[in-house]
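As written, the chains take the letters A, B, C, D and E, and residue 1 is the first residue of each chain.
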Amino acid sequence: MALQGRRMKRYHPPGTSPGTLRAPEGPAYPLRVMVIDYGLDRLIEKEIHSVEELEPYRDTPTVTWINVEGLHDIPFLEGLGKLFKFHPLALEDVLNCGQRPKLEDYGDYHFLVMKSLSLDQDELEIEQISFFLSGNYVITLQEVPGDSFEAVRQRIRQGKGQIRKLGPDYLLYALVDALMDEFFPVLERYGERIEEMEDKVILRPAPETLNEIHGIKRDLLELRRISWPEREVIGSLQRDEAHLIQADTRVYLRDCYDHAIQVIDMIETYRDLATGLLDVYLSSASNRLNEVMKVLTIISTIFIPLNFIAGVYGMNFDRQASPLNMPELGWYFGYPAVLTVMAITGGALALYFKRKGWF
Amino acid sequence: MALQGRRMKRYHPPGTSPGTLRAPEGPAYPLRVMVIDYGLDRLIEKEIHSVEELEPYRDTPTVTWINVEGLHDIPFLEGLGKLFKFHPLALEDVLNCGQRPKLEDYGDYHFLVMKSLSLDQDELEIEQISFFLSGNYVITLQEVPGDSFEAVRQRIRQGKGQIRKLGPDYLLYALVDALMDEFFPVLERYGERIEEMEDKVILRPAPETLNEIHGIKRDLLELRRISWPEREVIGSLQRDEAHLIQADTRVYLRDCYDHAIQVIDMIETYRDLATGLLDVYLSSASNRLNEVMKVLTIISTIFIPLNFIAGVYGMNFDRQASPLNMPELGWYFGYPAVLTVMAITGGALALYFKRKGWF
Amino acid sequence: MALQGRRMKRYHPPGTSPGTLRAPEGPAYPLRVMVIDYGLDRLIEKEIHSVEELEPYRDTPTVTWINVEGLHDIPFLEGLGKLFKFHPLALEDVLNCGQRPKLEDYGDYHFLVMKSLSLDQDELEIEQISFFLSGNYVITLQEVPGDSFEAVRQRIRQGKGQIRKLGPDYLLYALVDALMDEFFPVLERYGERIEEMEDKVILRPAPETLNEIHGIKRDLLELRRISWPEREVIGSLQRDEAHLIQADTRVYLRDCYDHAIQVIDMIETYRDLATGLLDVYLSSASNRLNEVMKVLTIISTIFIPLNFIAGVYGMNFDRQASPLNMPELGWYFGYPAVLTVMAITGGALALYFKRKGWF
Amino acid sequence: MALQGRRMKRYHPPGTSPGTLRAPEGPAYPLRVMVIDYGLDRLIEKEIHSVEELEPYRDTPTVTWINVEGLHDIPFLEGLGKLFKFHPLALEDVLNCGQRPKLEDYGDYHFLVMKSLSLDQDELEIEQISFFLSGNYVITLQEVPGDSFEAVRQRIRQGKGQIRKLGPDYLLYALVDALMDEFFPVLERYGERIEEMEDKVILRPAPETLNEIHGIKRDLLELRRISWPEREVIGSLQRDEAHLIQADTRVYLRDCYDHAIQVIDMIETYRDLATGLLDVYLSSASNRLNEVMKVLTIISTIFIPLNFIAGVYGMNFDRQASPLNMPELGWYFGYPAVLTVMAITGGALALYFKRKGWF
Amino acid sequence: MALQGRRMKRYHPPGTSPGTLRAPEGPAYPLRVMVIDYGLDRLIEKEIHSVEELEPYRDTPTVTWINVEGLHDIPFLEGLGKLFKFHPLALEDVLNCGQRPKLEDYGDYHFLVMKSLSLDQDELEIEQISFFLSGNYVITLQEVPGDSFEAVRQRIRQGKGQIRKLGPDYLLYALVDALMDEFFPVLERYGERIEEMEDKVILRPAPETLNEIHGIKRDLLELRRISWPEREVIGSLQRDEAHLIQADTRVYLRDCYDHAIQVIDMIETYRDLATGLLDVYLSSASNRLNEVMKVLTIISTIFIPLNFIAGVYGMNFDRQASPLNMPELGWYFGYPAVLTVMAITGGALALYFKRKGWF
């Protein structure tokens, strides 16, 4: 994926007035808006179809989670922005899917950009998810439908854990934590692939391996680009800067921050391992090839003097003209003697090379 | 470009008195001064030809934008400096086109140096643009005529967005943001070129590829040198340090600062990718070559023993002199037998090498 | 080990409610709980089998050390958490054996994660050890039974040193220091292995060496990942942040912090040495191979002209047809002369190559 | 130069009492002391020959610039130190020509160490220049006579710019700025050399190129070692730390600081370019060589089977003994047929290799 | 040395009670204790043999310097610790010769660990020296007898410089400065060796060179490990942290701190140079070898077609059987013609290769 995804234009044309909304490029997913409104003993979950339906939820004291999938319905988003009084720049960032993860404090509400990860047959897929958090709601927006939040939805429905007791800041934590948790199986898979390649690289170094290591390094680079700013975001949420986060939730965010550090730690380690692997691959491949070349050269070198001997006795000096001209040709044991000399020469050379440890 | 541009002398002779104005080297573009003076319901746009014409705009409460193209008319610049009371060091920096992007606070006005980017057939072109910002005007100066600001000019003319409602600090933001926005299509192009080369590098590694990767790395290095200080400049504008920036504009500058970080992020990623590409290129090129050498060497090695056999039976031992001398030559099936032995030897060697996975 | 250990899933499924306890993967070691309760002139040491037995120790003024081995008995751990009022997130971290070393302050108690090291036939083994420290107890928890703390236990029993006079903070120091001390013999062994390889790498570079250096580098990377956060943990304990640590103990922790810095220093040095070794190996291996290839090529090159001479006099030009056709074949000293020419040619070439310093 | 210069012992013997004056090693330049004493409408310039002549200038309110060339006259320097009450450690540093650039505040006066640069036929030459600045004088000391300050001297004489109006702190700025300005033509030259080599490296990689790149890298390393501490020195002068600098001069020093950053920026860029060049050189050189080897090997490989065919028909099987023994030798078209077979084989191989893109 | 020295176990067994004294490994040097007690007009210098003899010096207002060589007499050290009330952890560090340089403030006294350097035939030797500084004494302890402090001793005896006028803090400075000064001749030697190798590496690259560069890099790595913490130690002494240091001495320590920075600077530069040298060596060695291989291959390639021609005319086609069979063999100028063709072919090939710049 990586570069593939980058191919889509993810910026507005230079000079555009800031805050102009423009649907993202790529296939348009249909708009789907789910509302969950809950308190300690209250739970409403329904799909809505127009901005107006959202109005009653805006100022209720219960926690409201509005999940928006599909970002091509610009009028809806403008309505949403007007209803909740969002800054146009924040809305613009929701649509601009190449944002870095970040946290912005707009006073009444916080605006977050995070990423959701998945692996589809070892292809890394990264989607952008935007959050608005105020004192009584969380709004999440994403282009591509995904199920990153399904487990959180289940916990709300079943009232498991703390989630029904605490406010929208805890809900935000739960959602962000769900996104951080997605890193672990993905990284685990990269760890496995690196490990699988560790054997390959020594035993059967193949050009595909090179390609695969390069691909892993590129993906890890991509993950690194995401994880560092996500750590910053969670760190800011956990500290006093984010005034909408309650003290109770901060303990949980500290835990989530720990996960982020662990993720970064794993990414850096895997990057180091992949680089080490590349070095081993390169020297192992060149080793193997050189061994082959050496054996071939040794074979040639052993035969060269033998060929020379054969060449000498293939010369046509006139034995009639002089007794000094190649008398060996007339000896009784001439031919066997020469064959023996050849065998000894070849054997001696082979032995010598062997002794020297050359093969 | 890169080095090309650096070839022009971009410094004054050592020991020159500070604040001495000296026209930049290179071709002289004619002076062209455009004034746009606007308020909520007022818009004057005209070209002026002498410093005196500028005087009425200096102290009016409306926003005045003076855009100067061409920096070879030293008397005009001295007049401008005198009229607006600019420090001689600031004016000197306007002419010295090798400045790093920077923000300097001279009390009554801020002085900024930024860069404008464009690609001309994959050639990176970088021009310097200087800004003076006071409470009621923005002055922009650049050597080479360019259209980086055309979109902003349109927005002023059409009264789109906030621009007509807010002061010169917002205008400055809009202009700086236009410059930051120029990075995206440029970087996009580098991303595309890297991607195109990813396939080439594996399938058809050619020396030109090496050259092109080197060129991309050099350009990215150049972009990096610009983007880091530009980020600092925007960061300073956004914080309290820049006292001429209003609170309303700071939110927009925060957005612009985000873009700067994103630009740096992309540059660093592309640099990493280009370096990775170089590694893949090098090992892929050496792989291909080594494969060729191996095949050639294997061909030679197979023929070497065959040549030896032929050589042996080319020897001239005197079969008359002794029955031991090359009796094979007189055998009925001698020649076919030797050909068979040769075929078997060659085939066996080829099979052996194949088995060993050597080709 | 390294990757092997990483293969175990060390994370809970994405979206799990925070604070859910889940037994670690891998073989289940049986639960074993040892309590040592001591003061200046009091020492009770016994094994206990249920959480209830621990209750009397919770609030006594004496120092209580509870050591738990085996983490598969979830009900016991839940009971422990309830009895000592531990935060569920801390307990979850005890079971999640892929934690980075860390110190968390929960007000009444501190929670630490550290690692224990050992080498089993040059295989690095890393186990996680969790600590809870309050004003009157230290609780240590680990999955795999180990004897990292045996020496401390002895010192308590024998009342040697300060340990019986000071509080649980000193006990924590002693335990953490014991873990830091484990680094030294382990690193010493890596130092020895690097040293052993230094000779090998010059004299007998073998592919196994490459593999071993790669393994050492991987292990050092792993140790580095542990030692940096452990240094941070000890640094935090030593500073005012950790309010449960007494001033007297801080001097000892400063010493322990010194050890941590020394450990990091050694790791970085060994990493540098291992990288240097890799470079030497690679160039030494390629040197040796190239020397071999050169000698072989020189042998071939010396024989090539000799073969040519032999080939010339193997031509069948008809001496009858013309006195110019190979008259040498009929000369009296033809054959000896040609042999001499060959010897001189070969000798001259060998001498020339020798002179040039080519072998 | 670099290492050459380092060969001179630039340290006093270990254990020497601090503050002991000792003439620098190397050739002794004769002492030459020039005094310029000036105010707004006063200018005295004369050479003096003894310390006593300097006394009248010490406490006058006019600005006095004492320039000392040649540092082998120890008694003079001791007299100077006594007259102006300099700390012995500062005087020792003046003589120790291996100092890093630095700024030291001795209360009544500041002591600076800076470096002067020049290129003599692409040989980098670096000299040390020491400064003492008090409220009414600047003293500069250097071993080797040089003309780094000639332009400043001219400006004083001609009363150009601000220099005659402002105090010794502005004089110090002017001198330091003159030294910073020396970097630009020097770096420009390195830029040119790198650029020249960029073409060479692709078209005609030669071992000398390698040597030259190495030399450039070494020089840039040397320049880097100087420029970083010089930036610090100027930064300290510009901030409040240097209490002898007036507010008016600080604006100028900010400009000078900008130059220092620009210098560092250029050095780092050139270092990156030189490193990139080295990579391109290495792969381009190995590319060229490998291409040569490939062509040579292909030629050999094409002839190997032809030689084999010739060898076969050079065998001496007895055609009398059997009709199966080399009947081809008796065929009417035998010889032309074999030549044709050879031509076809050779051509086919050449074509095959060509098709495969091997040459 | 480096690794050699590291082979000695330099740590106490894991879990040992902190503050346990244990003689260092390696050969035991005999204990030798020298006391120098001095004031402005007082100087006592004598060797003492028991701890009791030291008691009178403990509280006198004069400056006392106790120098202890040989650390195997544990009872003496314990007595010393008791007499001067040293913390057991400090004493333990005195014996543990693998400490990093450090400064510890124990209130009444400061404890320092530093290193002494020497070169024995280009073998780097590093010894640990510990210091205790209080208001009226300095105690130095070292395992191996050395003469690092001889020059300081001379200065005390002769009353040269400030040393007799100032307190124990100045003495400490003088001793530490003597240790810093030892770096310069040692580094100078490394500089010389690098320089010597610069020529060798281009002209006569030999495998020993590789080995020597590797050795230099390892030693510089070792020096770096020492110099960084020593700089920190001196920096701490110079700042207010070290309350036993008088203001007068701080100026001298600033000078010493400068030396430390200069040392680090030289080490880093030499490391860079050594790395650059390694690169040059590697490419120069591979260059030379490749040149050899190229020449050899060219020789072979020139002879290959000649051999082919000779082979053709060595074929035995029956000229009787057909006029087309090798009629050249019967030509009058057959043999000379073939020799000429051979000479022309060989010459043309050689010329072609030469033209192409292949040799």
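The criterion applied here is as follows: a contact is a pair of C-beta atoms (placed from the backbone, for glycine too) under 8 Å apart; a residue touches a chain by one contact, two chains touch by 3 or more.
The shown structure was predicted, so the numbers you read here are calculated from the model rather than taken from an experiment.
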Chain groups still in contact once subunit C is set aside, others held in place: one piece
Both-way neighbours, i.e. chains that touch subunit D and touch subunit C: E
Relative orientation of copies subunit A and subunit D, as a Cα rotation angle in degrees, nearest 5: 145
Subunit D against subunit B, contact positions shared by both copies (same if over half, else different): different
CA centroid of subunit D to CA centroid of subunit E, Å: 26
Inter-centroid spacing, subunit E versus subunit B (mean Cα positions, whole Å): 42
Subunit B: positions in contact with at least two other chains: 286, 293, 297, 300, 304, 307, 311, 314-316, 326
Going from subunit A towards subunit C, every chain in order around the ring: A, C, E, D, B
Subunit D - residues contacting subunit E, complex: 3, 6-7, 9, 11-20, 87, 89, 93, 98-100, 102, 104, 207, 210-211, 214, 217-218, 221-222, 225, 278, 282, 285-286, 289, 292-293, 296-297, 299-300, 303-304, 306-307, 310-311, 313-316, 319, 326, 328-336, 338-339, 342
Contact footprint of subunit E on subunit C as seen in their complex: 148-152, 154-155, 160-163, 174, 177-178, 181-182, 184-185, 188, 191-192, 194-195, 198, 202, 251-252, 254-255, 258, 261-262, 265, 269, 272-273, 276, 279-280, 283-284, 286-287, 290, 293-294, 297-298, 300-301, 304-305, 307-308, 311-312, 314-318, 321-322, 324-326, 356, 358
